[in-house]
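Look at the two complexes coming up: chain A is in both, with chain B in one and chain C in the other.
And then the complex of A and B:
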């Protein structure tokens, strides 16, 4: 016998589902949809110094196309992104292989290896400012001790991007290593034994077996780092504020300055939305690639 | 093609001795199956032959060559793994061609070999697919194809059928057997399934705790087991064992003194073991006899398992659970009383202490 009181009608089920999912929906609306929609709205407006707003349509976007600082910011963003990503992938994979093969490494050493990304960016930025100080820093002391000329590091328009990329790599390559290590540990051991019997050398095994099998994991790491790198802000702001001159003025830094130093909120919103579209585009492209390299 | 010689082989992992001292000769072109329960050392032994595990001490020869420290790739062996170990990112063709490419073989020859092996295993249609697009049986064939293309001296199989369902297992089992007849290459096959061992092997190595319990043909292992372990391991359902003893020259169950119908020769074997032993009777070696037979053992059926081709009946004899295989036309019923008689020429007697067969 079916107990009528316990029977769930489709209507009641619908109400229950709505009630259960409401907190998540409200949270998403309040924390994601509203800020995004508000930024879109801001992007279509101009604000005067007295706070008066006026609708400009696509005015902010047409201004952006003609803005050389925007194109410079985009170039700096992409250069920093590509350089950091390549360095972090190469070092991350190498570090992961090292940790994977060093089975007897004590847990504390493994933890130390991966600790940089746990450090707050402000602390990391300040620490590197001291290390890279042209006259007092340890970096130039080491260069000179090795008989090499000192560098201006963050003060050099040529070296500022590679230097920031190195700082970010120091902090985030261990994170990539951790992801790749997880991938390595999930690879089937018997495949390596089969390769051993087939006569593959260590290098061939890495190139023909490990690397292709790790590709989905590596692409996941690329997606995570891409999102962070394209929106890179904290370390740059702490170390250079976009300088020297505008040498490290990424889109994010440029947008921040336009919005909070020049109080041009409408144009800053247009800049940030453009950056968001770029981030989305990159993530979507890599997501497709992840599907293509899945095995 | 090559013979394999294992001489006084010892394998230890730290303080744990997996193989204490093992010697074995596998003839050229022979199909030998290592069988035994989990942890008996059979897979370790296979991996030692493959070169995937180092030897602690002793000697291993493939052909005339001592291969103790020789890397796996230089032993001219091919191995089929339990989980197939196919390269998941490569097409079937590339999986099969990989080892040949690494040897620097010309492409036309690689192509010819891959296609020939694929035809032999009926996997030509799958050469462009990736392993994930294949069923378990097809993957198993690809794994065998990858081994065949190399034309090795020795094929090693590490429980390759254990991931297949029962029907497919029987089919692939037959295919491997016919392949062995076709290729005439030395094959070593590891399994815990005694049916696989019985159906495929020229000779079976029964292992327990890294010690060879018996190394003989399937018929001999089945009909003349060397000890109680082999007798219990080979055969399904397993052999029934009953502790027996001689009481005033009359054989009786040790549990309750019920007389056991054993002939004079069997009693003599028991006498040679201080009058005590273990009687072994395979389920198919019980005869159900007419009610007038005075020497028969009276039993009450506790459980009936009809298998179609025959029927298993469970009963208790002298405090020990036992199984007999009977003709399904008998239509036995639970609770029915029967008189059973072990076939005198098919019984086995083992030493109660050592488990060795009493001859």
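And then the complex of A and C:
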């Protein structure tokens, strides 16, 4: 016989679940909604150089549209994003295939392969700053030893973006590899057996089977890297601070400088909200793509 | 004595009396007055603060005040300060500040507490307010309010390799033209050596460039407008960028004090125009002790107008315990503490400390320290604290100066274009309220 008093009705269960999850929901709201709302509020205000604030409505946003530095920052952000993403995907997938097929690779070698992304970006930035120093760094020493001309690396307006993309790729391609490796390990063996019976070459197997089956995993890696790359800050700030000139002045660096060096918090908030919208837009687009390529 | 001279004499005497603590207040001074309180100090983790904080325990013992130190690198410190001050928070009681950079801005924003009355009425007998560098006190005074007390004196000076100059048959440069001539000879004499290095990183350029501009007789502003396209301004831009482009290291556009000191210390630069504060870093390891000479940056058409600035200690306008905070500021900028900091290589902003026998003994230990002190003496007497534009948006003005110099180093613009673009942006900044 069931004790009626101890029976949990669906309504009561809902209330209990709501009560139990309320603190976590409230905490999350406080940590995400409040800063976001405050930034929106700041974006509607103009701050003078002396910190005086006044409501300006969409003034900061119309200023942004006319600001050549904003458009330049957007261009730099997108160029760096696309270059880094492509490099990291190509190298990450290649590295994942290497690790997947080299089953006898010692654990320590595997760990070394994936170690760069465990290094704090500040340490990585400082390390590369020393390596790429045109006068004292190892990079030019190696180039010259190989009979090649030295490069200005981070000091060249032309080479600064590719150089930063290379540093980020060195650090984060292993992370992409780790995600892709997880995807490779979950692929069904039966498909490969069928391909083998049909006499498919290694390249055909990769192009017709591995790559399409890996697409959802790859899109996940793209989403994760997109969020980071569009908000890229640390290594740029440590190595170039947006220079030379404004050649590496991404939106994030520009917003930081406007806010914390020139004290225009309102305009900086408008810049950062615009960047947030871009990040959300890219993530949403890739999320839809992930749905389309799911199997 | 003429009537006007008498009037001046009386005015100066009255001002001096006004500035000095009254006998009664000094006699009544009690270091333990704020025992049990906690003062929060937002510090820039640079050699000045490091030297000061080696004495932290002495302050706490003397006053019974607990000193909570919130230390960051310079940029992060400002970031934290902006956040705290915009929120009008009382989290920070005392903070380090560069009046030459942010003084106008912070004063106009109302972030500085007014130290005028505290320095007058709440100073210990031994504080010797009048003994502080008057130039630096003036640099920290805005709208008649004293906003910070000087912690040190510093400025860019020329470090040069005596052995390389001798090897290449070059005399110690006496003028800016001599610097370029020397660099040219060194380049021809030893291709492995960088003849000249100074700051090329955009936000850092103004610190060294200002010295050259002033030595050449230029000024940042004239008639309320930016003046970089004036003949002197153009000459300074051209000379500074040409020195770095033709005789500087590759990648100089990313060079600030860290890279410059590393290059010079490693023995790969013949002349380095960098901060006097870098002496300790440059001499680390002792390799440059015997082959380095120091001097103020050589003269231009206007003679020697060195840049002289100093870190200051300010009390937050939002601190709820400004009196206790002032006790810390007073202790930290007292003759005794500045003497202790001086023998750790922090140039004192008090002429009396600079003449103290113990400090002189430290100076006399090495010839390079004597030259360093001689250069600092000149900075103290002839220095200008104008680094970048004397406007509220000074930090932003430095961007335009740096951009113009970088455009010329990288040959991205002609001299006329670079200065005109800078002037246009700077005029807009000057017009901002």
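Following the convention adopted for this analysis, the second predicted complex is superposed on the first by the 278 of 295 C-alpha atoms of A that agree within 3 Å, B and C clash if a C-alpha of one lies under 4 Å from a C-alpha of the other, contacts with A are read in each partner's own complex, and residues count from 1 in each chain.
Just so we're on the same page, a contact is a pair of C-beta atoms (placed from the backbone, for glycine too) under 8 Å apart; a residue touches a chain by one contact, two chains touch by 3 or more.
Values in this document were obtained by computation on a predicted structure and should not be read as measured data.
A.B. asks: Superposed on chain A, are chain B and chain C clashing or fitting side by side?
C.D. replies: They fit side by side.
A.B. asks: Quick check on the superposed pair: does A:101 touch chain B, chain C, both, or neither? Answer first, second, both or neither.
C.D. replies: Neither partner.
A.B. asks: Quick one: classify A:9 as touching chain B (first), chain C (second), both or neither.
C.D. replies: neither
A.B. asks: Once the two complexes are aligned on chain A, which partner has more residues of chain A within touching range, chain B or chain C?
C.D. replies: C
A.B. asks: Figure out whether A:196 sits in contact with chain B (first) or chain C (second), or with both, or with neither.
C.D. replies: Only chain B; A:196 stays clear of chain C.
A.B. asks: Just checking: does A:68 make contact with chain B only, chain C only, both, or neither of them? Give me first, second, both or neither.
C.D. replies: neither
A.B. asks: Now for A:261: first (chain B), second (chain C), both, or neither, which partner does it touch?
C.D. replies: After superposing on A, A:261 lies in contact with chain C but is clear of chain B.
A.B. asks: With the two complexes overlaid on chain A, what is the closest approach of chain B to chain C, counting only CA atoms, in Å?
C.D. replies: So the smallest C-alpha to C-alpha spacing between these two chains is 50 Å.
A.B. asks: What is the shared patch of chain A, the residues that chain B and chain C both contact?
C.D. replies: The answer is that chain A has no such residue.
A.B. asks: Which positions of chain A touch chain C when the two form their complex?
C.D. replies: Checking each residue of chain A against chain C gives 48-52, 133-136, 150, 152-157, 239-246, 259-263, 265.
A.B. asks: Quick check on the complex: what are the chain B residues that touch chain A?
C.D. replies: 50-52, 71-74, 77-79, 81-83, 85-89, 98-99, 102-103, 130, 132, 146
A.B. asks: Would you tell me which residues of chain C are touching chain A in their complex?
C.D. replies: Per the stated touch rule, the residues are 75, 78-79, 82, 85-86, 105, 108-111, 194, 201-203, 249-254, 259, 262-263, 266, 268, 392-393, 395-396, 403, 406-407, 410, 412, 432-433.
A.B. asks: Looking at the complex, which residues from chain A come into contact with chain B?
C.D. replies: For this pair, the touching residues of chain A are 188, 190-191, 193-200, 204, 208-209, 212-213, 215, 295.
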